[in-house]
Structures are given as structure tokens and as C-alpha cells.
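These are the structures, in C-alpha cells.
The following pair of complexes shares a single chain, chain A, combined with chain B in the former and chain C in the latter.
What follows is the complex of A and B.
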């Protein structure tokens, strides 16, 4: 491949405890463990240790069901509701987020310390399986122009890999995650597929609601910023089980393989699929070689370098092994390896490096990105079968690229099956207001049955550009129960995004009109994610797509890692995950993250001379 | 050995479909009567067995289609309803025992063991008046070998494979010759009754799945409230740790209910009729699925889910006859009223 200016690391010495230590047992950790765990030096498998800060939450079917019970028993069904976090490895929660004011900054309610000016609203899960335990399973590829934003649109940073280079790894990721989609639906905006390629499973059927919306929207031409675009509702590629194509066998629930072989439409994908028809990294963990050692409840606190030179290799990791309910461990332990991989996420990876000496590359922690997520909602004139199926099974993708990206953010539009749910706390709020109107019995039921299935919404995900001021940093005044500094976050949403919001708002209004729907969208200045542009108000929340904080690039001065996600400074250190993305564009990032992880796994094997 | 004509073989394969189908409602009643979260091992065991019986139904239909037959689940072509009224003998068996619809109980487990009983060394193949299901399938296997290859005249597009069937102890596959036919028979026989000297079923070899006890021994360990462990044989019985069984955490359904148990116009009559109609809709969908419209299987999953909800709702209604028992699903054929 000729990718490496580094010498092969090889098996440096017999004195290292392991060949590879991976920090984080989420999706990236699982893929690396799967690939690297099946490699061998001669007849000996690689010695691999995985350290996970959180607990194991799904080693058996009944373990997993305990999470379902948690979800059922929780009064507010937020994404983290099923996943119990440990006091020693806390997870951020969307319920922690409050509006920020100059007087309330820094706000340390919850795990994050928010420095504003806007709150960072996304959460994550610290547990084996990671945040993809509660993802929606949307598995879009990026469009080719997304890799060349600086060259084409004059801002952000080009990727050091192209769509064509990543193409074969997208395929591996799609087969690992088990993506259901039809190639012909996914060829737009320059996305191409290898001749003869098929996804492992056919697409998830469009919902009745999708077909209803497509019936009106398909073929409409809209003009935004002077560009005319013909709209099309596309089936969304999703990592949930459907009818298999030749050569693929769906993977059922971990520990109960008869379960979850097809999506059953339980409609609780976020926060938990009760039958495990939706991919979670637990499925990959179920296929990892037994030689790979996984230690949960081990929080890595520091990277120890071999000396104080800025480019010293990593010599060891320091970690705390804890037991919930017992006092915190007094002293950390150490582990050594030939190669170290940080596979936390775009906040935990920089947090760890910023807590270590010497001070890392200046790009570490900067350029924090997410997809600000804005909703618009309306009541349809007829029953459209809201609340059936996964949260979203189709979207409008054709607005994800265009010359307008010189000036304002691109966005993708989700067509949402789940009515108004968390916007208005529907259907509970519908019941309350009907009761308040004095309805009861048959009339009450008729009112609910009339109103709730007509609820409809669009969800808009905007690309956010890398901004060095949006960043993760540490303040030793804020530490967790183990004494480890908590992530401090400075975050804002710039005019580029806000102009995208304005464009989407106009589009949404005209589509509601075309659908004959009555719009109920109302944004409030009392919500945490309140922004305005040119007098237009918006409420945004976080999509949970944290990215950018150890961006990859072509050189040390513009990035933290190379195209293989290897640290520019420390030759035996990899930072793998969405943090490596130089730009986040508009696709939900998990599939791209998985593809990049497969590519990095090959580079690690090359380093060790075992491929 | 009697020699069968192709028509005899098709008749016996329709019987195979009926035998496999007949076992499913009794298993479902036991499964659905278990209070959620209790008797988890028993519930898992029964659920797994039901799923495998559904696979057996599918493979039996594929066999019948492969030899030019046409699986029936409803009364048609002047034939009576192929599904039984409970309690019933197994179709074309030696009528040694009746199978009823019962809640989870020791009595139900005893019946389940009888259904899944191994043939035992030296039992001859029997196409009719068989003592064990294995004997029946041995007779089918002999006839297939006798009539192959000319018998495999079926339309291949009628075969239902893993594109449409999923979830039960392995994959459905198309049958078009003696080899694939014998593979299907092996799955049906071995998952149920175990291989002569082993209590484990062959999933691991055929489908690469985890080692699992054959149905008979899974029920036997529940009945005896003790686990089978490696090294155990049919002679030793289970020698592992105890299994906690709680027969009190079960909805006390009156055995083998019927719609006629409830007076016309009563609420329970309406609920039972509705449940019977759902069951019958399912039978219609399955028949369509196995006679050229395999996509019907996907729709039938929703009907199965509805059948479960309606059955459990019935099981939660106490009867007002002072028996202390509850109502339950009747699994009776009713010509669906349309739609």
C-alpha cells in the first residue's frame, strides 16, 4: 500500500504486556477486535487487550433484557434510558442540558462542563457496545464531494482519502453492520457502487407514511438559492435485518439467535431494539476471537509517553479498575503494548490526550462538530399511520450537495415515522389535552385515534464546518469520581448552519402546503438550543454525531492524524473514530466511521508485519 | 415395506404438514400461559421448539411442492379442514394419546414428550398408524428413495427459502431432488427426537449453531426439573443442576376451549370468535404462501402477532362458572368473513 513513512513496529519486545491495547469497546473497538483478533504471528494469535470504561450490558440475552426492562420502567424515554451508567464512568445525558446564559457559564450540570455560548446537546453511552447501542442504524455513505469541501467550496478541510479509496471499505462496513438497502436507491449525487455489488439485505420496506409523502413530493421541483432541484424521497439504508440477499445470513440477537432475524417494527429503535434486529456492536463482539481479552469497568486516565519529547512513542496506559458500589480504587494500574489505539469517541479520545503530558498536537480537541437537528411538524389531513416502524425509513437526500455549500450548510431531510413524539411528548400530551377538553370514553378514544396517526414531521440534519473555537478542553477544577478531569466544551452554531436552517424552513413550509398539512411548528426561546438568523427563530438539538476533534489530514500542521488515523507525533498511537473526520457533511457518520476502522485495522497489521 | 404410488406419497406429505402443524397450537398455549418473566427457561425452551416446528411445516410444504403436490391448510377441493379440533390424536397415528390445548403444566410436558418421542432402535417405518413421528418419516424417506428421481416434478418457484422464512432453528431451503429431500427429513427428525445415541440435535452440524438438546430431551429436563449435561444419555437421564419450575405463575386456561363454551352474544364468545377468525386468516395466508405467493409469509407475521395478543387477552379472562379457570384461544377453523 505504500502508506507508511514509519518503520514497521513489529513485535517490539517480549516485555510488552500485549501486542495491541484498544481503549473503548464500542463500535470501533469491536471492529478492530474482530479483524485484529483473527490475525496471527506464525501460529500465535495477536495478544490484544480491550479496556472499556463502562460496564458490559449485553453478554447474554437476559443481560440485554435487563436494559429493555430499564427502558420500559423509565418515565422519560431518552436515548440513554435503558443504559445504566456507572458513577465511575458517567455518561452525558440529554436531560442534563439546560439553557445557558452568560451568568450560568460554565454549567456543570451532568458530566459535561458547558462553556457555551450554546450548549452541546448530544449524549453518548459508556458501556461495551458504545453509543451505537442506541443509534437509529441509518447507514448512509458520504457523497464524493464531501471529501473535497475545501477544494470545491473554499472552507473546511479536504479529506486525505477519496470516496473511491474508501469504497471497498464501505462495502466491508455494510456487510459487517448488515445494511438493508437496494443499490439503485442509493446512486445519487455521484455516489457509485462496484459493478454487481449488492447490499447484504434488501431495503426495509417503505412505510405507508413514506409512500404517502413520496406520492406528493417526488418530482416536485424546488428552487433554493437559485438552484432548481427535483425532489425525491429515497429509501434510507439501515443496519437492521431484512430479507437477505445471496451470500448473507442475518445475525440474530446475541445469545438468542432465533430472535431478531427481521425487524419487527417495535418502534423503539432509539433507545433500544428489544429483539436486536437492529445492529449493535454486541453482534460484532459475539464474533470476536476468544483470544481477545476484554476488561470492562476499566477507565483509562493517562497516556504515558517514553520521555518528554513531543514525538515520543507511547510507553504505557494508566487505568483505574473499579467496582460499582465499592470505594474508588486508590491507585491506577499500568499496561504496556506495541500499539495503542484510542477508540473512545470524539470527546473521550481528546479528553484522554489532553490529560496526558506532554501537551498534544494543537488540533486535539478542536473542531468539535455535530449535526444540529431541527424539526418541523404538522398535522396531515388524513391518517398516515404515524408511529409505525423504525423512526425514519426514508429521506430526501438530493439537497446534500450543491454550489450553495459555498455559502450555507447542506442538509439532509428525514421523513419521520414517529409523529411528534418527543417534540410535544405525544401521544401523552394529546391525551391530556383531550381530557382537558372534557372528553371521555368513546369520544376520547375517537379524538386520539383521529389526531395521533395524522402527526407528521421532517427532521433536518445540517452539516457543521470545523471551527477551532468549538472544542473540548480540560479544567482541573472539574473532575469525576475517579479524579479524572471531565470534558469542558465550548460550542456554537455559526451563520453557515443558520442560513441552512432558513433554507430548510422555507422548503418545509412549501412541502407541508403541498401535502395539505397544517403546520404546528413553534420554536421557543426557553429551549436550550435556541438560535436565530435574520429574525428567524429555531430550536436545534444534537444528533449525537460527535466528530472532528482529532481530524485527519495530509500534514501535521493541519491535522492530528494521517489518513490511517495514526497520530502524526506518536508512531505507535492510533486515534480511531468520528473524531478523525475533517468534516462531518450530512450523512449520519457511523458507516463511514466503520469503513475507516477497517482501513486502519489493515494499517495496524502492516505496522506489526503480519499481513 | 409397502410400495407407494406418487399419489400415496403426496397424501402422506400432506399428512406430514398436518402432523407438524398440529403440534403448534398446544405449544403456543403452554408458552403464552406463562407469566412474563417467570419460568424463563421453560418459556425459552417452548419458544425455540415452536420456531423449529414452524421450520418443519415449511420444509414439509417444500417437500410436498417438490413432488408435485399442493399443501392445504384450509378446507378446499372438497376436502375437510386439514387442521384438527382439539383435543386430537396426531394425524394418522396409532391413536395412543390425545393432544389438547393446555396451559404450561406437568401434564402438558408429558404430552409434549410423547409428541417428540424417539423411535427407538428397530422400530419399523410406518406410514400409517405409526407410534412415533420418526417412524412415519422413515416410511416417507423410503418412498422418496423408491420414486426418485422421476417424482421431483414440482414447480421450483413454489419453494419457500430463507428469503421469506426465518427465525426457526435454521434456514428453510429449496427441495428439488433426493439429496435436498433427505436433508429436510433429517432436520425434521433429528431436531425433534435426537439421533439414536445422542440427546443433542444436529443444528450445530447443519446450520453452524450452538449445541442444543433435541426437543424430546428439552421437554424431559423440564418435566424432571433437572438439566441434561454433557455425557448424559437417554439411559442416565438428566444429571445436572436443578431447574426451578413454578407451575403457579401460569394463566389457568381451561383445557381445549371452544367458541361454543360461551353463549352467543356474550363478550367471551365475541372474543373467541375474533381469535378464531385471526387463526383462520393465518391459515389462509399460509396456504397462499405455500401455493405460489411466498411474500404472504411476511404478512402472516403480523397475523401471528395479532393471534398472540388475542390469545393472551382471552387467557386473562376468568370464567364465571366457579371453576377458577380462565378462557383461552380455541384454534378453530372459521371461514374468514372477507378482506
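What follows is the complex of A and C.
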């Protein structure tokens, strides 16, 4: 990274236990371990330790199948259903979320302490592999204007990197994750590709539903907020195995390399792909050098600085090494390194810094963002093959940017292949209602066969702007089983997003009408994520796209980290992950997070003088 | 043996799936065992006796009567749900207060294998989410729903 003005840290001393300590064995930890683990000083590999709060996952094929069975046997198949969290490293669960009222705040049901006014509804997984164990694998690039929201639309903060600067890292991320897409489908709203570039695999075939929707919707012109847009249903880039392009060999399951070489259509990407055709960080972990030491069930509790000056370097990390089923460890251990990387998510990274003295940069914990996710659902006039294939294989992307972003949130729209599953607990709820109506035998079968395969839905993900009031903070009155403060969260969804919801509602209604579909959308004021705008009601849930709590920027006064995700204050500390995103825009953030991680890995090697 | 056959015969009439399809799931013993453990042998005996009556007389009339029966109707409906979803759902509160609440009468998936065997997926021309993946690009092909019988 020639443009890095930062002084190389170098190997401070041979006294440090490690060259690099990484906190978190999720997607970012895996990418860093892969890149840094293959670097060497002379003939010596870098000494790298990774501390993971949760358990190891999927070390073998049969180990992973136990997670699959755990999911299949769960009554409520939420994203965390397959993944068992430890009492000493609890994970938030969507089942913990309840409607908030002034009297119920703070609501400490579960791991989060919710201060509202709206509940933060996303979850995550604390385990090796992290939350990308249960991601959908949508791998969209951000559009170029997303990097310049302040300049173009007057909100938030511009990114300190541009689309063009990030482009080569997007390529590395797409090849690491194994993204299936065709370049010609992805060139919209200014997104460009290097001449001759191809994704590692060709696109995942569109579903029968996608083709049906595209047949009606492609070429329709909609006018939203005075802007006319010609609609196009686009194939979604997905990190799941498809037909490989030259130069790429699909990566199968961890511990069973011949399994999962193609997506087999198990239709459970969230929360678990039973054959591992979907990328998870377990695949990257399988390629990490054996010199990298990974210790699971080690919860980092504090960052220890070398003195009390606000810009003191990090001197050590304090962590608890626990064993499930045994009493909690009485005292923490310490580890030292030349470079420290916090590679947790946008809640765990700030949580750790806020638990440490001195008090960090005021941006730490602020600007918590997600994609509030609203669904609308309907029945097609005929069977469109619901409940087949990956959750979503196409979407409408052309509404993700425009002058309207001065006034209201942009959104992307998913076409969803899984009927009404988690909205109404279909197909089980359909079956139960039919049975309760007194249907049985052939009539029952006919009723189910007629109704359920016609179900479909649209999902809308809205950009949420950075708001300093949406934040993670600590209250020592709420601690976990190790005595570590739990994340307290203040969260709201502002009118910018709500206006986006109104725009999408209009779009949804007109598309249902064009498709001849009968809408069944019902929003309820008894749901946790209930909001209104201008009399329009909505239910939103979290998308699991936590971002923004240690934003990157051009200077210390507007951000927590620089464009390499290096702390402004502490020269040997990196905060890497979606928390660095100054704005979340509309693309599912994992691909961008991975691209940024590759870029930071190079900066770390520069710091150590080994590149 | 008679009990198992009676259970599957009644289940076939209730679910609209052939007996051979039900035997083929491998779940019959497990479901019957769960049913007996949850509502007791006496209730199951009365349910199966009602089922045995189907052979004589008008089956539709007998099934309608069974499903409307205060005690046996909700149990019969739960048997249908069990076969279609692989999960037990709690009996209605009214049933529990009149006929006795069982500590086992809680919502639960019987086993990963029962979930995979749920008939609802077959009825809609799909496969259980998370299992029996029909293969690459299967989702692109026109959907079909298998005919009953």
C-alpha cells in the first residue's frame, strides 16, 4: 500500500508473544489468517494467534452434519437454529426480540439490552465461521455513488475509498468466496468491471419464479418520486457453487471435498447449507496455514493500552479461556503482539473497546446501521414452484440509486423463492388451517397443493443512514456469565427509511397487479418492528447486516478508523469488519467487508515491513 | 401388529396418502409411539377403533363424525399434522382441560428424520427445506405437483 502515510510499526520486539493477534474467527478473521498466514519474515512465518469467543464448528463432515440435524429437529427454524452458542459467549437470537414499550425499556430478554425506541432485530453467531455460517450468500458490489453519499445526496459520510480503488479487492473477494454471476448481468448504475474479468463461476440459474416475474416486469416503467425507471429483474450474484469458469475449481465441503461442488437446491441457505455448496468461512479456514494458531472458547474482555494517553498503543489483550459445563475461569489471561486486530462484528468490536480504558474515540459504538427488511407477499394465479432453490436468485437492483436519495432511502428488492415461509410459518400454517377447517384426505391434499406452490414474496432492503443516536453502549448493570458487559442498543428507524418503505409499497402493489397476483400482506401493530409513515403501517425485521459502529473516514474528527481500518488513535490496532462502513447503502455488505479485509491485510503486512 | 396396521390405515384415510407411502416414510412406529405416550393408550385405542369402523359403512361419513368428535377429533387432526410436518402440535386448551393434560403435549419436531419425512413437501411438489435437495438447477424447471393416490 504505497499511499499509506502511516509509519511502519515493524516488529516492535521479540518480546511480544505474537506478531499479530486477531480477535474473532469469523469471515474477516479467516481472510486475514489466510493472507497473513502465508506471509513470512525471511523463512519464518508470521506468528499469528486468533482468539474466538465461541466454539469451533464444522471441523469434520460429521461434526457439521450434527448442526444440520440440530436445525432439522428445531421447532422454530430461525437463523441461529443450527448453531449452538455457549453460555460464556452468548449470541443474540431473533426469538429474544419483543415489542418495546416505554415501560419495558430497557428490555434485557436475551443477550442484547434493548433501549429502543425500536428493537434491534438482527442476530449473529459467535462461533468459528461467524455469522456467515448462516448468511444467504448474496454477493453484490456497492454502486459507485454509494461511496459518495455526502457529496451527492447530502447525508452521512463519504467513504475514504472509491469504487475504483476497491475494485481489485472486490475481485479478490469474489474469487475467495466463490461468487457465481455473469458480468453482463451486473453492469448497472455505474458498476464496471475490468476488461476481460469473469466471476469464478457462471450465474446460478434463475428460478422458474424469477423467469415468470421477469417475463412481466422487465421493461415496465415505474415512476417513483417523479423519477421514471425501467425495471429489470437481475440475476443475483451468489457465493454458492455453480458451473465453474476457466481458472476456478469449486471448493466443496470442509472435511468432505467432493461434497457440495454444486448447489443441490436444498432450499435452506439460511440458516445452513447441508452440503456446503454455499460459501462459509469454514472454507477459508480450511485453506489457512497450519502455522496460524486458533484458540476457540476464548473471550477477549479488555484491550490494555500502554498508558493512559488517548493515543497510547495497545499493550495486551485480556481474555477468558473457558470450558462449557465447567465453572467460569476466575482470572483472565493476557496475550501480547505487535499488531492487534479486532475482527468481530459491528456490535462485538465496539463492545470490547467500550469496556476498555481509556474511553475510546467518540465514534465508537455510534452509527449502528442495518438494512431494515420489509416483506410483501401474494399468491400467483398459478403454480410458480414455491419452496424450490436458494432463497433468492434474482432481484430488482436498478432502484438502488437516484436523485431521490436526497429525500428517501434507496432500496433493493429481492424476488423470494421460499413462499411465505417465515412470515406465516408456511407451509405448516397452511396445512394446520386446512386441517382445522375439517379438511382431510384427498381434499386436504388438493387444498395444500393448490395454494402453497403459488406463494411468493418480495423482500425490500432499505439503506439506513448513520445516526449517532443509533448506538451500542455499555451499562455495567448488565453483564454476561463471565462478568463482561452485554451490548446495550439504542435504535430507531427514521423518516428517511420510512419514506423508502412507502415508495416500495407502491412498487410492490403495482407489480402484484401486473402479475395478476392477489396480495395477502398484513402488517400488525403487535409485531416488534412496527412503524408507520403518513398512516402507512409496516413491519420490518433485521437483515443481519450490522454495520457502522467504527466508521472509516478521512480524519480523526469524523471517524474511528482510516481507510485501511486502522484506529486513528492507536497505531497498532485495526478494527476490521462491517463496523468500518460509513454508510450501508443497499448491497448486502459481506462482499464489501471481505474486499476491505483483503485491503487491510496488505496494510498490516506493510506495517510489519514484510511485503 | 394390528395396532400399527390400524394406525397406518386410519392415517392413510386422514392424510390422503396411500398406506405404502406412509410405511415408506419409516415413521409409523415413531409416530404411534409418540401418540400413545402423549395422549395415552385408551384414547389411541378409541381412535383406532373408530378407524376400524371405516371399513364398514360410509367412510366419508365416519371420518366426518370422527373429526367432529370432541375427544377424538382434535387427536385425529393432530395425527394428520404429525404426518404432514413430522412435528407434534399441542392439543387445544379446551381438550386438555376436559380430557387431561400430558406433560408431553408440547410442540416439538419428533426427530430430524421425521421432519425430512413430512408429507406437506410431497403434497406441494417440493422437498423439505434443508434436505433431499433435488439437484442443481432443479428450481429452474416447471413445477409439478404429484397427483394423489
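We take it that the second predicted complex is superposed on the first by the 608 of 611 C-alpha atoms of A that agree within 3 Å, B and C clash if a C-alpha of one lies under 4 Å from a C-alpha of the other, contacts with A are read in each partner's own complex, and residues count from 1 in each chain.
The rule is simple: a contact is a pair of C-beta atoms (placed from the backbone, for glycine too) under 8 Å apart; a residue touches a chain by one contact, two chains touch by 3 or more.
Just so it is clear, the structure is predicted and the values come from calculations on it, not from any experiment.
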Side-by-side fit of chain B and chain C on chain A, or clash: fit
First (chain B), second (chain C), both or neither touched by A:262: both
Touched partner set for A:57, first chain B, second chain C, both or neither: neither
Chain B versus chain C as contact partner of A:250, first or second or both or neither: first
Superposed model, chain A: greater residue contact from chain B or chain C: C
First (chain B), second (chain C), both or neither touched by A:413: neither
From chain A, separation angle of chain B and chain C (C-alpha centres, steps of 10 degrees): 60
Which of chain B and chain C A:275 touches, first, second, both or neither: second
Touching partner for A:444 - first (chain B), second (chain C), both, neither: second
Nearest Cα pair across chain B and chain C, whole Å: 5
Contacts on chain A seen with chain B and repeated with chain C across the two complexes: 262, 264
Of all residues in chain A, those that touch chain B in their complex: 62, 243-244, 249-250, 252, 256-259, 261-262, 264
Residues of chain B touching chain A in the complex: 40, 44, 47-48, 51, 162-164, 166-169, 171, 209-210, 301, 305
Contact set on chain C toward chain A in their complex: 13-17, 63-64, 67-68, 77, 80-81, 84-85, 87, 89, 107-109, 111-112, 115-116, 120-121, 123-143, 145, 148-149
Residue ranges of chain A in contact with chain C within the complex: 68-69, 71-75, 77, 205-208, 211, 242, 262-268, 272, 274-275, 383-390, 393, 417-418, 421, 427-428, 431-432, 435-436, 438, 440-446, 448-449, 452-453
